[in-house]
């Protein structure tokens, strides 16, 4: 064993810094990409135009402010005489939607008149029309609701405790307190017979990015094995204590061990930087999958060039399957995803069932040609 | 005591093409034997069969009266094979290549011993990367690696092909020294002068009478 | 003129190499087509605001209270919030069974003591159980319920406030309960009829539909992938010795690069024009001959620019591995800043300048304008300038590499 380590070290030393770079690249890229996406992700906004036909009273201003402060909307305000311009921009697909607050908007809101307060315009490419509309509707409902509350409370006061005096501000702050303090109604979506997967709040789960980068770069890193296996030097191993294939398999094990150490580091770094966890068991299983896959592709590919291309293709195909997953109907298909797709297995914390298959293929590969060639 | 190497009615064909037909030979320790013949005569094939790298279609090979059969892995320990192609780690230095194969060899050799072997071949650029060596130096290293485990039978496939005269002479001297210590050396080359100078006897393989005649003409 | 001769030699060599791969080439050209079409189709399903056939949803009430029963029947009857949803009151086992039999897309569960907890401000959860065979529909149902829940949550605060003051005013418990229920139902109804607040209209200025927009974007992405694939098919790890021989004959990087670009361009443009022709057969995407030429020109220039970018990466980065990684990343960026993955309007403002200088954006934008917006003109400045700049950079890089080797 010691000799195997020494010989592998001899081969690695001339290219050590390059190998280390490639080993650390998945982590580095994951951090870079996740940070970039999380940083700029919030700034991706839906461009919405609002036209105020009538006067901009307190209510209107309040609602527009809330809309402006919304995290996913970028609001542009227009006056009545600019309405045509706004609609024209919408037709040019420069806005996702346009909302026209009609002439009587302010009046109707203050008088709890709910009919036709807003004209909503959208196009065939309004990807976010519905959530924006809902947002605006919520804000309006909220205001109208509060109005109703005041009315009701005052009417109750008059009936039951006419001597008490309460201000609207008081009621308003009570509403706010209750809103924040109470455990209000929530809702949850689950699927029959399946476990719910955990939700990640931020834009991009770093582990997903890491998984795909690792799959691809792991395959890339096995180009050394590819060159060794297909090079001339293999003949010399006929006269050594260990066969060439065995030597390569030992190298695979050593490489996997080193990568697992790096993965452990990755685990702690990603956890502390992004606060996202993943099952250690699934992580180990995933790493083994990547190593076995990389190794098998390396011994099958005719050249490093072919290896890199197959690495890229495998990654793209797995990514495509992952994206299409929500469409997948049927228990069987979903099960297949969870247990066969390496990235999905990692995220759901299960062992990938392709592992034993890959191991079997390697065993077959090792056994083949064990006799003298003819 | 029997012969170190005995080849009995060896027949080798690739598909329907026979490469070696009814080949026989015997050789003893301390001999240097030259194999000559035209291109494609089967010299390399014969060497590879004796080196246990290829299986004969028919016939038998014996080392120390043990037939290859199932013993071939064990018998490999007695064999050193120097291929026609240079089979070295280009990115490693001379001594690193030696150390690498020593670690995987059946024999343990210390670094001074390895360096000694190299200096016998006048290859003292221990720390030079193989990619920077001249053709002659690479051939010497190619040879040196095959000697790490002190084989009794040494098979060389055109070991001096394309190298300078000085290196050629050095290798020749070295091989004579090895034979003197009891190794059996089988050697292929296209250079008749080299064959005549180095080899105790020559075996002709192939069908081209040109080579046969040159042998007999001396 | 020696350079010209060398270009032809390289061209012939590259064509030969491609011919040898003729078996695998159709596969690598068709797979992006399949993959991208699938993803685009999926995206269009998720995003299109079109209405679909009513989705069947069950409603399960585990709360014995009259109040919840009244709410549930209101929910089932109301159709406003249930646009595209058909609700049906069911028992729990029935609902579960119907999911197994794939009769409903999901069912909503009102938990025990729902109403009591609600008015007392205690934690309560509305569960939506989806049919694993109809994942997409379940998500749609969930979205709708989310809206309802959001409204109820805000109403809840209001009602609890009323309750709080009612208590202060000395109203007795029974009276308060009745008040709460009435208030709740009143708010609930208001929630369900929130659509009367808005008068909605789709701007029907253009003849195309959102679906066609996705097709154009998909086509653009596929063409881009074809450029990469063709480029990779032609790139080879030329050994130093071979390079030396080539140099002895005076062949330069520039000649080699020109040949590669020409071939990449020719192959991809031919396939893209064929693709375009097929796409224009789709209803709504027909364009007149003059515009067909315009779109072809845009595609041709875009393909040229992209091919030059890939070649430049090849020359600048010696390691094939690293170059491949960078090419994939660059292709992604080119598509991102074409607006092909996310439309430009959703990007943060600080990215605006990038789009103004992006050759891919100019290409895609004008293709969209012509094919979807019935425009009869286009602008090519960014594309042309990019090609010129890239060519200059390539010549410089080529010369530098030649010098370095000496």
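As written, the chain order gives the labels A, B and C, with residue 1 at the start of each chain.
The working rule: contacts are C-beta pairs under 8 Å (C-beta built on N, C-alpha and C of every residue); 3 or more make two chains touch, one makes a residue touch a chain.
Being a predicted model, the structure only gives us computed values, none of them experimental.
Graph distance from chain A to chain C, where chains that touch are one step apart, equals 1. Taking the mean of all protein C-alpha atoms as the reference point, the chain centroid lying nearest to it belongs to A. The centroid of the Cα atoms in chain A and the matching centroid in chain C are 14 Å apart. Chain B and chain C have Cα centroids separated by 65 Å.
Computed centre separation for the pair chain A/chain B is 61 angstrom, with centres defined by C-alpha atoms.
By the touch criterion given at the top, residues 51-55, 57, 72, 76-77, 79-81, 83, 85-89, 91-92, 96, 99-101, 103-106, 129, 145-146, 149 of chain B touch chain A in their complex.
By the touch rule above, chain A contacts chain B in their complex via residues 3-4, 6-7, 10-11, 14-15, 232-233, 235-242, 247, 371-374.
On chain A, the positions that touch chain C within their shared complex are 22, 40, 43-47, 74, 87, 90-91, 93-96, 114-127, 129-130, 133-134, 136-138, 140-142, 144-146, 148-149, 152-153, 156-157, 159-161, 164, 166, 171, 174-175, 178-179, 181-194, 216-217, 220, 223, 303-305, 308-309, 312, 316-317, 320, 323-324, 326-331, 334.
Note for the complex: chain C touches chain A at residues 35, 38-39, 42, 45-47, 49, 96, 99-100, 118, 121-136, 138-139, 142-143, 145-147, 149-158, 160-162, 164-166, 168-171, 183, 186-187, 190-191, 193-194, 196-203, 205-206, 208-210, 213, 232, 236-237, 320-321, 324-325, 328, 342-343, 345-350.
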